[in-house]
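I am attaching a structure below and will ask some questions about it afterwards.
For clarity, chains are labelled A, B, C and D in written order, and residue numbers in each chain start from 1.
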């Protein structure tokens, strides 16, 4: 029957999606059973909030990973932009957030340019920019944490325009939906997939490979910037290292979401599952007050499982 | 003939050379409306290159082109497409992870996007669907991922794409280049393809390249014959026989010298070295044959008839038809890890895909030559002796006349022919008793070909048993002591081919189709 | 007539020119490796000049030994990861392994009184074990090495915290301290010598052994390697295990130097090691480069950090500069002619 | 099928790691559990919790602002009412206190305070942000720096290895060092580089310093790990120079005894944590600290070869020599005993330049301060201080 559904939907990755969802459900159930307080409204709200930031960043990273590249500068860009926002909040108010995004965008664009024109592997380019930015953010903040004084900025994350959810969540959902649309329905979105799958052919039939690559990194950077801004707004403060955790968490979320780390397979839609999965897991472990080292081990194992269930696998000889 | 009408496409003195050595020289072509033109010629005669010149993939170094009466200088494939020339590629230009309709309009989505840059899927899908129907490919669902379809379906998708694009750019009379469209599709698809081509000639002209002479005769109005990168003749399709066409292609009757036929051994008494019994699995059915010491057995048949699969089974190159047994000198090769065992028992394999399966482009010539025989170049176990490796490499570089700046040059920078010689050298260095070759002279220039044939003869003199799988009938006929013709996974026809009594191509072709 | 004379002269000079051009082309083709590695060498030299200009004592023997001591551990780790990168895979768990081995060796010495000899064996064994784990995940479960080692990084990290119980694990082991910080030949630090020996051996293996050759073949074209009768799986496994083992040794050296097992003490090594390998000119896509090249990459990093400290540059600036230098170094090193795609 | 079983495996792991809360929960959240300081901290807190019949749990945000918030969200959602800890990211105090306020929980902060956010700012008669405790780092490092300078006879070249720039502790300790430096004109600081609080980096730095500067007479290290790294580097170079640290880690004490490290500052984290926990407990049990008691300094012990033995054996036992119940104002309204020096912070002086523009200290505090609460409270705590930490 599932097969039939596939036929109709013309969608050969359906089983994977179902698997991810069910893993998610099972894990939730397990934690929920273990800690009654886990399934309380306030806690779900907490999960929403912590997911929202990661979601924004991961969505951007997905495009890069779909191309078969990787962006290790997400965390640094987020910290940098978050700090800028905190810095500018008094003078620019809410407008500091779009400015922050633009800065992130340009950071991403620098990544893209270096990657395309210096022809340096993305893992290294982004690594280097990350290092540089982490230095820069320390430089502008002098290592101090900075309070976001502007109420309007805080409102962006913690207020609730629609009373059902905090704005931070709302924004992240909007971004996510937009990204899904971009991924599925725009030229850019499809081309990132094409590049990850077969760069040569794409180039032959006239896909502007370099442009797409730069755009993807720019997008990733921009969203990382937004994520940083949201994080600052959420915490009501900015610190030099606050984005750090995102770098690997985004990769994890994207991969758990079923996008192949080697690129060319997967999509943005599934990333939200990865995000919810990772945040729920860590939240659950926190509610249970599991010892930190055990948390690390469990997270590692769960990533493995998720990938095992989720990614298309090649023969042992060809696996890289 | 149709001399009165003006040609819609004209190429004068088109020439192309890659890094110095010219591949195509002073080619003149004329294409008239509603015409199907064939370009015939041996491997490496410059057929594909000419198409790629027309398609703007390899812009010509010299000569000019004219399309619909206007000068035509495409620098990129896309320009050619917009001008009304599109190509159906031999190695497919489809992206597996995209949906069919996306591949059809790949890089043209911008023309389907609305103000918000959102692609209008339904329009693309509808358009694709229509063309699929027109081509009688209703079974292809534009929404499915391209990788869900088999090779021949993907081929048809490419053809559909060509028509779709033509219509899309409002070219009322496009020129469609078909580069070996039938290379990998079965009879049903071939007839389907040809019917549709005939149907569509009302609105288009075609240039066809194929490895089956019969198809030129069957389909083409005119046939240009290429030889060594020049066009040497032009024939009207209905007037020419395969024989004479082939004459024109090779320019001479098959030359015994070329294939060193006088060196062919009489192996009637020789012991059996390689023996395959009842090979079966992925559309190979019960194939059995023996190869004797010093014998060359030619394995022919249309592409997709399963001859490659047989080769894979012998050398254990996964995935291969697992049923049946393969014996080398009486020792049965197991199914598990057959590859290693085969090599250990002196089986060598010259695969079809030279660049990805034959050589390691980033490694030096010497490293490639010693790759299969590392123990032989080691004094201490596990440690390569530079001196030995060097001398081994030099020996074979000289013996096979591999043209390179030295044993340390990267294989990447060698010409196709020399790369193929390196692959041979790799096995010579190891000393093989059985050598399986899959289209060893594909994309190899004439000179190198002759040298390779020489090497094969040397091998047989040293008592190697050779299984030669080839699409090039002349090669089979010229080299083989015995020729097996396969069709639909079965051996249809077996014929001894002693030097004094070689079969004709026609004889073989008859059993192929 | 002067015209004709000058013509002949011109022709002769042109011929000479062509000849020389041809010779240079030949030279370049022959010595590609040297040419490519000369980029970072120049970089290092310039850095040395600059730092010496700022503080002459930079170019003193003390500091040379100092550099050897500081870069020894990174050198070992980078050498290990080179094997993995050469075959086109990656090992993100190196840092975690170093920490893990460092801490657990500390515990073994403190609580179980392991002797120096025993601990050397134990450390390499533990490292190798981690390598085996990676190999299993990649080759048995067929998980891409990036993800597999990413998660082993997390897991091993957790385990080492667990073992240490968070506390700094102090121990006293004179012999180990001597191995790490002492000097048997003149004042050349043992750790430096040890690292160089390991590096030399590894480079030899990489360049001349069947294993090394197989690595290149796999990295450059997996199918070809398989069809040439190379045991791809075994080679890959060995590569991961070698990387793990070397990390083990590095971890022991690290903890021997500090005689304290501290959490996360080795984690920074991961990114430094990758950077070093690529700066050395080994392509992340695998199949091109070489173990011997890693040294220069390590030097770039070591000299940079040491120099910036000696020059007394502010931390923040140090961090920023490091990033830029990495870009610069890779830009001058990378032999792009060999990289079809860059991911 | 294998898939299914893997889920159950995951589930099993999760369930295994679950422990049901019985007694009232108390949470301690710290920036890391991966150094000795916070292990001693946890030891103290655990015993205090046991004494008060609380169910103690410790978590770590790894110094990551967002993770810390997540932890508090999860835990407060899980119904924890008593929280205390160290907030490496000072700015997080605000959201944490907000959460506590909503849930009717209390929070006691140690080490880091957020300039411009006095506990009283949480709201009138609201004890969600019960108290802030910190050792007087300026004074501590001032004292230890003076000791170091005197050791080298008041003149010579000193290397100053800081922690990581920007952190409160680092700023304060540097300030103290500067304060001492001002009194010693002949002391020359030849280099100041960050050792990032850890042994590996500080050792590198020290090695490089030894190269960069021909003559180094003493090293002022901003914590014990740094001191250790510096010491090893110096000894490698065959130098034995006075080196000081702060924290009072076990190993450092050994080295002080051996005379390889001159002195360190014993913060007695066991006590710090326990005292904070007890105070949080009190607040939740209805004890209302006075305005001046909302931000207080806690004592630290200068440890040299002279008193190291006593200090060591004081903390040697499995059971810590503190009467936790006795610390509680709720359980012992009259005969309570802080068991260490505790005195009010002069907030204006403490925050000094870091006070954000346009911020005024809470009126209640200002009035109490003008009424001389500092002196009075100092005295009060002093004469309640019966059971001593050896000096």
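Convention: a residue touches a chain if its C-beta (ideal position, glycine included) is under 8 Å from a C-beta of that chain, and two chains touch if they have at least 3 such contacts.
Remember, it's a predicted structure, so these values are computed and weren't measured experimentally.
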Once you count every C-beta pair in contact for both, which comes out on top, A-D or B-C? A-D
From chain A, the most remote chain by mean C-alpha position: B
Centre-to-centre distance between chain D and chain A (centres being mean Cα positions), rounded to whole Å: 35
Compute the distance, rounded to whole Å, between the mean C-alpha positions of chain B and chain D. 75
Distance from chain C to chain B - Cα centre to Cα centre, in angstrom: 43
Nearest whole angstrom, what separates the Cα centre of chain A from the Cα centre of chain C? 30
Could you tell me which residues belong to chain D and also touch two or more other chains? 33, 164-165
Chain C, residues touching no fewer than two other chains: 161, 226, 315-316
Flagged in chain A as touching 2+ other chains are 138, 292, 294, 301, 308
Every chain pair meeting the touch definition is listed as A-B, A-C, A-D, B-C, C-D
In the complex, chain A residues that touch chain D: 19, 22-23, 26-27, 29-31, 33-35, 37-38, 40, 42-43, 46, 49-50, 53, 138, 141-147, 149, 231, 234-242, 244-245, 282-292, 294, 298, 301-302, 305, 308-309
Which residues of chain C touch chain B in their complex? 26, 29-30, 32, 208-211, 213, 216-217, 219-221, 223-231, 287-288, 338
Counting only contacts in the complex, chain C reaches chain A at residues 88-89, 137-148, 150-155, 157-159, 161-162, 222, 226, 232-233, 271, 274-275, 278, 283-286, 315-324, 326-327, 330-331, 334, 336, 339, 341-343
Would you mind writing out the residues of chain D in touch with chain A in their complex? 3, 6-11, 13-15, 17-19, 27, 33, 57, 59-60, 62-67, 69-71, 73-79, 89-92, 94-95, 114, 116, 164-167, 170, 356
What does chain A use to touch chain C in their complex? 67-70, 114-115, 118-125, 127-136, 138-139, 199, 248, 251-252, 255, 260-263, 292-297, 299-301, 303-304, 307-308, 311, 313-320
